[in-house]
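Following this line, the structures themselves.
Presented sequentially are two complexes of chain A, the first with chain B as partner and the second with chain C.
Now for the complex of A and B:
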């Protein structure tokens, strides 16, 4: 029993750490440019298919990762911002949110048309540490380590470097940031590029676990939205805590609860938090502007 | 004729046109017209939430589902159709108040996320609670009310309900309540300073929108005569939202046009086969970028230009 609990806890933390990466990107876009990206889950599936495609050409995985990073930065970062977000934001963040729903439909059906409806296997890491009763798989441990390292690095970047602080300033108060001589437009672009990098990393880490399928983005997106809300929308650290809480709860529910209700767990957490603690675990209360 | 009256005349004109078309055309077109009426009712409800109260709801498909299952479950027990329709609408209104009340305490996109969660859970309930919903096998042999059993007859029933809904929505938007909705949309700060309680009106708009979703569902079940969970998944919520914005969010006739496009476009784009949804999604994004006020806004621009030329 102890062995099972430890294993469930570690794989829950691993999947939660990946949710944290996706939710962090989601929160950054939300803070940085009022972009509520309903296609965030699909953004994770796109680089996963790029990696698989490059691998299908017989090239090693790292070439695929590099290619996916470039494609993500160009398409999910630059193009997404220039072609969809910039023109739509003029019409309001509500209209932009709906446009990202349309984008989600385009991405999912585009992937279905190009790659088909099957779930493609993705190379992972086998084996693990065997301590008699307790067995921990390398896959989860490495995922956890990489994700934690990435989030820590991002936090250090945002908190300790000049560019990072400029990004935070631009998100919190664009008018003052401009007065301080910060190139706000550039900072917002960097935010989109960070999100592109985060979803690419998440794709690499999550694909061995969930496989690669055109509509995986729905489930991934729901979990990431919940993580962002549970942790606290207006804080990057919140997304991390939210991701971990969600990953562990989900994995425990999936192991010990009825399988047909597993998708309800992140949704129930989301509703409970909006009802009783809308600012999230770490978030601050938002002031109403009236 | 004032703009208000023009809107009502336009809506009733479309309903009348659909009735005439229904008399002249094939059973398949009759079915498409009925579907248009159902979608228009659901989208009109969503337009209250999105277009007038400025909140995204992703649960409209679930409300349609609640309406559809209420009718499908109670009809065999001898309930008259009018009663199941009313009960479905009432249930959705109550659910709307229950869910909207907490979600609307906080600003921003929270209603979008709460309704997203609700839509997922509602789908699981439809699928898993087989003792009441029939689970994945669904409920079949849903009978149509006496006098409206033929395809054409049922179209007329859908159109009668749509006409009543059109009139109701028109009356609501002209009433002090509706004027408060519009004031909210145009200038929330000023509306609040005039004593409009923003949250109460937003909640009311959301709950009435939900109730109209229930009405649409009650019409949908006997139309297709067989229901199962899939049509009430999140995809329908997305489609209904897109209908509202394609037609013109916040304009009275928007849902009528948006639903028409959603029903006709798959027929016109048949030649694209699998690429239909990619094309549709891309077209919607382009429309949103270039004509944020939808087809109604586009039409108004064209008309205004025509007038200035004269």
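Now for the complex of A and C:
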């Protein structure tokens, strides 16, 4: 029993760490530009298909990762901001959120059209550490380590560098940031590029577990969105905590309850937090002027 | 000598409303100019025109003799113009020290240095000096959003001096600051005027604060300058008294 609990805990933390990466991107986009990106889950699927496509050409995985990073930066970062976010944001955050829902449908149907409806296997890591009763698989341990390292690096970048401080200032008070000479538009673009890098990394880590399928983004996006709400939508640290809480809860529910519970848990947590603690675990209450 | 700031026949209209209606004045090097006037007289609109936040309908703004009319606030900031705000505008999740470093960091180093240079842009010592000068050292590492109103007001003022500005526009600096803090705040501003050689333009409703801080005062009513001179002379000017008391 102890072995099973440890294994489920590590698996849950690994999944949670991936949710944390995606939710962190979610939170960054919201803080930086009031963008609620309902296509965030599909953003994870796009680079996964790029990596598989490059591998299909007989090239090594690292080339696929580089190609996915470039495609993500250009399409999911730059193009997404310039073509969808900038024009729609002028009409309001709600209109933009609806536009990202439409984008989600476009991406899913585009991928279905190009790649078909089957789930494609993605290269992972086999084996693990065997301590008698306890077996911990390498895949989960490495996913956990990489995701934690990425989130830590991002936090250090935001908190300990000049550009990171300028990004924070642009998110907290863009009008004054402009007056201090900060190039707020550039800082917002950087947050979009960071999000593109985060979803690419998430794609690399989650695809060996969930395989690669055109509509995987629905579940992934919903879990990441719930993680951001549970942790606190206006805090990067909140997104990390929310991701871990969600990943562990979801994995325990799926292991010890019916499999369908895996999908129900994020929604249940989302509803509970919206009702009883809308600012999330680490979030702050925000006043909005109308 | 060329004035640091000059407004020449400045106008700003909103439809039929002439908020600023032909305002002209000069501010000399090291001067502390007070701008007073009843509510709705056009002071804030004038300030926004001077700072590039509003483009004047007509007229010219000169900084060190150069035309800067309608120039973007960020560009003016890089040219040595900084401001404080009537309503608190600190960055709430950053510490007081980080707020100060942020206020100066865009003025030092190249683009490359912004990415790979020292995280504090070499400004920690300057920020610490400013914290000391404004008596904020004890709250240096606290998040600015958690500070008292008076402390945030002091921090806002200190931020305006981090870039070593030539000209500082203070928008109601005494508003909401308690009497105990007010005296010390005035002394801090005087010290910055003397030590840093900065020139000030101050919009303020607190008449005692203006009269004791400023070297010259102009009074604006209905978008026009109705008095310009020494503080006491403006205070006793019949037109000023009438503008404040009404007909």
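We adopt the following convention: the second predicted complex is superposed on the first by the 287 of 290 C-alpha atoms of A that agree within 3 Å, B and C clash if a C-alpha of one lies under 4 Å from a C-alpha of the other, contacts with A are read in each partner's own complex, and residues count from 1 in each chain.
One rule holds for everything that comes next: a contact is a pair of C-beta atoms (placed from the backbone, for glycine too) under 8 Å apart; a residue touches a chain by one contact, two chains touch by 3 or more.
Quantities reported herein were computed from a predicted structural model and do not represent experimental measurements.
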{"item": "Partner chain(s) touched by A:181 [first = chain B, second = chain C, both, neither]", "value": "second"}
{"item": "Touched partner set for A:239, first chain B, second chain C, both or neither", "value": "neither"}
{"item": "Which of chain B and chain C A:161 touches, first, second, both or neither", "value": "second"}
{"item": "First, second, both or neither for A:172, with chain B first and chain C second", "value": "second"}
{"item": "Partner chain(s) touched by A:110 [first = chain B, second = chain C, both, neither]", "value": "first"}
{"item": "Touched partner set for A:143, first chain B, second chain C, both or neither", "value": "neither"}
{"item": "Which of chain B and chain C A:102 touches, first, second, both or neither", "value": "first"}
{"item": "Greater chain A contact set [chain C / chain B]", "value": "B"}
{"item": "First, second, both or neither for A:52, with chain B first and chain C second", "value": "neither"}
{"item": "Contacts of A:205 with chain B and chain C, given as first, second, both or neither", "value": "neither"}
{"item": "Chain A-touching residues of chain C, taken from the complex the two chains share", "value": "51, 73-74, 77-78, 82-83, 85, 89-94, 98, 101-103, 105-107, 109, 113-115, 117, 119, 121, 159, 163"}
{"item": "In the complex, chain A residues that touch chain C", "value": "160-163, 165-166, 168-169, 172-173, 175-183"}
{"item": "In the complex, chain B residues that touch chain A", "value": "50, 54, 56, 102-103, 105-110, 112-114, 116-118, 120-121, 124, 127-128, 188-189, 192, 198, 234, 238, 241-242, 245, 249, 274-275, 277-278, 280-282, 284-285, 288-289, 292"}
{"item": "Contacting residues of chain A [partner chain B, same complex]", "value": "36, 84, 87-88, 91, 93-95, 97-99, 101-106, 109-110, 112-113, 218, 222, 225-226, 229, 233, 260-261, 263-264, 266-268, 270-271, 274-275, 278, 286, 288-290"}
